[in-house]
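Take a look at the structures below.
Two complexes are shown next, each including subunit A; its partner changes from subunit B in the first to subunit C in the second.
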Partner chain A sequence: MTLSTTRPGARERDPAAAARRRALIVLLALLCLLPLAVNNYVQFVVNTMLVYCLVAVGFNVVLGYLGQLAFANAAFFGIGAYAAGLSMVHWGVSGPVGIALGGAAGAVLGFVVGLPALRVKGYYLAIATLAVGELMRWVYVHNDAITFGPGGFSLPELRLLGMTLDETLKYYVFLFVVTLAIAATSLLLRSRFGRAFVAIRNNERAAASLGIDGRRMKILAFVWSGMIVGLGGALFALLNGRVSPDTFGLSQLLMHFAIVMVGGLGSLAGSVIGAVLLTAAPEVFRNLPGLEEIVFSLMLILVIFFMPKGVGGLLSDAFPLLRERLYRRP
Partner chain B sequence: MFMQLIASGIAVGSVYALVALGMTVLFRSTTVVNFAHGEFFMLGAFSVLVALQLFGWSYGAALLFAVAALFVVGIAIERGLMRPLQHAPHVSLAMMTVALSFLLRGVARFFYGREVIALPPILEGEPLMLGDVVLLPQDLLIIGFSFLVVLGFYWFFQKTRTGKVVQVASQTPRGALLVGIDVPRLRNVMWGVGAAMGAIAGILIAPSTLVYPDMGGHMLIRGFAAMTLGGFGSLSGAIVGGLALGVLENVIGGYVSSAMVEITAYLVILLVLIARPQGLLGEWRQGRA
Partner chain C sequence: MNILQVEGLTVRFGGLVAVNDLSFSVRTGEVFAMMGPNGAGKTTAFDAIGGFVQAAAGAVRFEGKPILGLAPERIAALGIRRTFQNNGILREMTVLENVLTGLELSTPSSLLGVVTGWPAAARAERSAVVRAREMLEQMEIGDLEERAAGDLSFGQQRMVEIARALVAGARLIMLDEPAVGLSPNERLHLGQVLRRLAGTGITVLLVEHVQDLVMAVSDQVLVLNFGRKLVQCPPEEVRQNEEVLEAYLGNG
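This part shows the complex of A and B:
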């Protein structure tokens, strides 16, 4: 049985939930103070982690909760970055509007990718969505007039409330967006929609027999996933100040997949942990060519062998505080 | 012009067919979709390079070395990384091949950085004229060799006892175990064969393209497209799909736009999955996630 039988009102009396909420508030307060303790480079790495938190959380909605092997995540990421960047360059919109547009573009692409997911499953869906991602990349490369072609483009200097957007300020903007997005996702997943996703994941026919509209729920999950990852893409564009098409290829996708798997399917906390680990570890070996990939792959192999539920699963077994009730591996 | 496009398409398509065939053989015998197949392809080309430049061997010896090396790599991977996971869910297996792809690419990059290296052609000589169709000796070699490999596989699967055993074991692994077939050992060998097939494709195409650590991703997608077009999991489908994809790429490149060559494979994947998910020759089964 995967679904929690606790009624919504019961949450208030659950001591673990209260403790978890207190822990989250402390964590958030600590995160707000973080820029005081780190230098510019570390701040950049932390900002990158925040971006990948969104990527992993969004991917997990489709991969972990809905249980669909859809590999269009790099495409969502790319379209978010392009939508945010291009709207700033061509229309001169401000940063926050750009971020919102990135999320919106991701949601639209999510809808489009959701359509084949109604028809094909498993590896077929994986390959179809992989193709969507590469098609998007081709579109960026071959529409020079709008997307500036294979070389990509640089974002204009960013300002927020009259201040130049430096790493620290970016951090607060990112932290705000990421906190909001993860909180919203967590609420969605605990609502009847999230429970419907998990029901579909476990058994599509049984879910249908309970009156769950599989088609509508799948589209919803894809749109949501596209939006969250699109937001991540928009932040990624702001983070680097540059957008170029080859960033959003197969290796980007495989990295997203790895983060979700390391963190654990169906665990939001795991996704965050995965993003932190897999962004930080290769950074240490950045100067040695190839070692980045080797370290990355060894971490993956370790997780696959020894933590089949991912780091998130391992932690929630050890600390009841971290347990997310919605999802259990069958 | 049309015949020329078809001829060059067949040359490229035979390599796609080999890639797709390698992936299909592995998929059929282990039910693993191998995301690291592109890296086998890349390693094949690099092994030739190492044998030629570092060991100073002749081309023939280098080719044999590369195929043998990848066979051993495939076997080692199965034994060390895949066999412990044989009862794990499919997504873990897919994940392991993704990890493997990173690992192999990392190893290549560790030694060669972001270098892009050209290999000399295996066969040199005057281009061959057939009417107004020009064929390079290299193209002929690719076509001829692929044909031989395909013929070999056909013979192996249809005519030999071992080939039939492999087919049976992939249809019902449990049943095969019950009648005394050593399924793990079979899987082990098939990983070696799959890796060697990837290597052969890499060796054949390396002289006409370039050798670099990231060369595999491009070919992986072509392999998927060929498999999808021919029918996922069908051996003859992989060959037909590969050849059709090569020809299609060339014809579209020649008559529509050369920029379209890169996305032909993706369009093929999407169109086939929407219109005829079972592909040209496959039977339709919903995949196991």
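This part shows the complex of A and C:
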């Protein structure tokens, strides 16, 4: 060890880290310029990708990192959308406040779903959490006075700083939220918290013997997951301008699951790639009826057979530089 | 001075008495080995001391403080670490990440600090990495840092587990059959590591089948049979003990 490791700026001397940093900055700059190059329809698809990035990253925290078979993701997504949409309709809050409330509602539901995870695991947890999703849909359908029942509701016209929120403006709002959320999640996972999640996945007894409080860490993972996916739900409500209960059923959950599996359990980059691929695939094959589903299923089968660790796992095996670590380099 | 005192420890599984009225005390800085035939209750005694199984009766004091009934993570927080018989390694994590996990309690980064990238939290996280790397160097496994722990040999995994147990400055470490599956050379190395630890004042409580290791490194040996203490004495006396020969080594 040398003393220089503690000096600020010392990190830049690691060429790999510096290269990664530069690549990220270039990527962000390109993303900021993207609206110049695409039409409204493509912009809508890209916005959808951003929404599903949050969905996948949040799901991955519990499914991939913590390793719990919890399937309340569509419920987190739904409550985020409802909280954002309803707060705008009933209370007239602005878009940003609505988005924040969506994240908060997701976090609260994450806490609630995390409680049974302290007692049951495996298939039992899977069933219990699936039930939460259906229960939430029942709540939306049967509380017409608040949720507008089975038909759902439309959001009021959205404005930001005096401008109507068109696809391009939405894109910048989404990009901001998604970048922040992924950056924070990445920091979380590369800290003692992320390591605790993976330690619990690997060996709960060993984790406890090291002083890791399994109950607190599980709750934290669920709350974080709920918050990120809830944010995604809020963006989803803004994206479509409509919220209705049938959107948040099993097929929604299956889409989330497929994205995380294709992207790779325990890989943030993989989750983003999975979201982009599986959002783009149906659009690319939209004009060929029937092919959409076939391509979707084929992708899943191929991934499960040939890359069990998903695209993210494949990339990190091929390029060691891209391997995601559970610590920050000193 | 006794770092660990066990009095009348009893553990029952249904009708089976796995540990029966077990009493012993371990002095600071010694290597204390528990031996006994399969099913004698060694691991169960370990689990009870570490908070992993509930004791039916008895008392356990660590540095004078009663610890029986505390949750494992609370006991760990007091300065006790252990390894596991069937591999307590975190297989999918790298060697460095394994050792970092051992620093969970001594990395003072808050949740808010971490997710906002706050400098104090980042500093705490970074110095944990530096500390973990130092530990790996001390254990002479620094070159394995980037390897997935699950891919290592048994012997290397044991060293990682021990490094992880030591990194946070535990004062008592409990090793459950660390020599299982080790080559003779690795056993020798393990023995040296254990003696070195004891030399620095760290107390080692050992459950072990491998007799040459126990005889070579222990200051005290306790022999268990059917959950009861047969004898406790220095290793050289164990060989002469009639009861032990009968129970443990068979009627020779």
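FYI, the second predicted complex is superposed on the first by the 306 of 330 C-alpha atoms of A that agree within 3 Å, B and C clash if a C-alpha of one lies under 4 Å from a C-alpha of the other, contacts with A are read in each partner's own complex, and residues count from 1 in each chain.
By our rule, a residue touches a chain if its C-beta (ideal position, glycine included) is under 8 Å from a C-beta of that chain, and two chains touch if they have at least 3 such contacts.
Because the structure is predicted, anything quoted here is derived from the model rather than measured.
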| item | value |
| --- | --- |
| Partner chain in contact with A:124 - subunit B first, subunit C second, else both or neither | first |
| Partner chain(s) touched by A:202 [first = subunit B, second = subunit C, both, neither] | second |
| Partner chain(s) touched by A:149 [first = subunit B, second = subunit C, both, neither] | neither |
| First, second, both or neither for A:184, with subunit B first and subunit C second | second |
| Partner chain(s) touched by A:214 [first = subunit B, second = subunit C, both, neither] | second |
| First (subunit B), second (subunit C), both or neither touched by A:241 | neither |
| Touched partner set for A:192, first subunit B, second subunit C, both or neither | second |
| Contacts of A:292 with subunit B and subunit C, given as first, second, both or neither | first |
| Touching both subunit C and subunit B, counted on subunit A across the two superposed complexes | none |
| Contact set on subunit C toward subunit A in their complex | 50-52, 71-73, 76-77, 81-82, 84, 88-94, 96-97, 100-105, 107, 109, 111, 114-117, 121-122, 125-130, 133-134, 164, 168 |
| Subunit A partner contacts - residues on subunit B that touch it in the complex | 33, 35, 81, 84-85, 88, 91-92, 94-96, 98-103, 105-111, 113-114, 213-214, 217, 220-221, 224-225, 228, 232, 259, 262-263, 265-267, 269-270, 273-274, 277, 286-289 |
| Residue ranges of subunit A in contact with subunit B within the complex | 67-69, 116, 119-128, 130-132, 134-135, 138, 142, 249-251, 254, 257-258, 261, 265, 288-298, 300-301, 304-305, 308 |
| Residues of subunit A touching subunit C in the complex | 1, 5-6, 183-185, 187-188, 190-193, 195-196, 198-199, 201-203, 205-214, 220, 266, 325-330 |
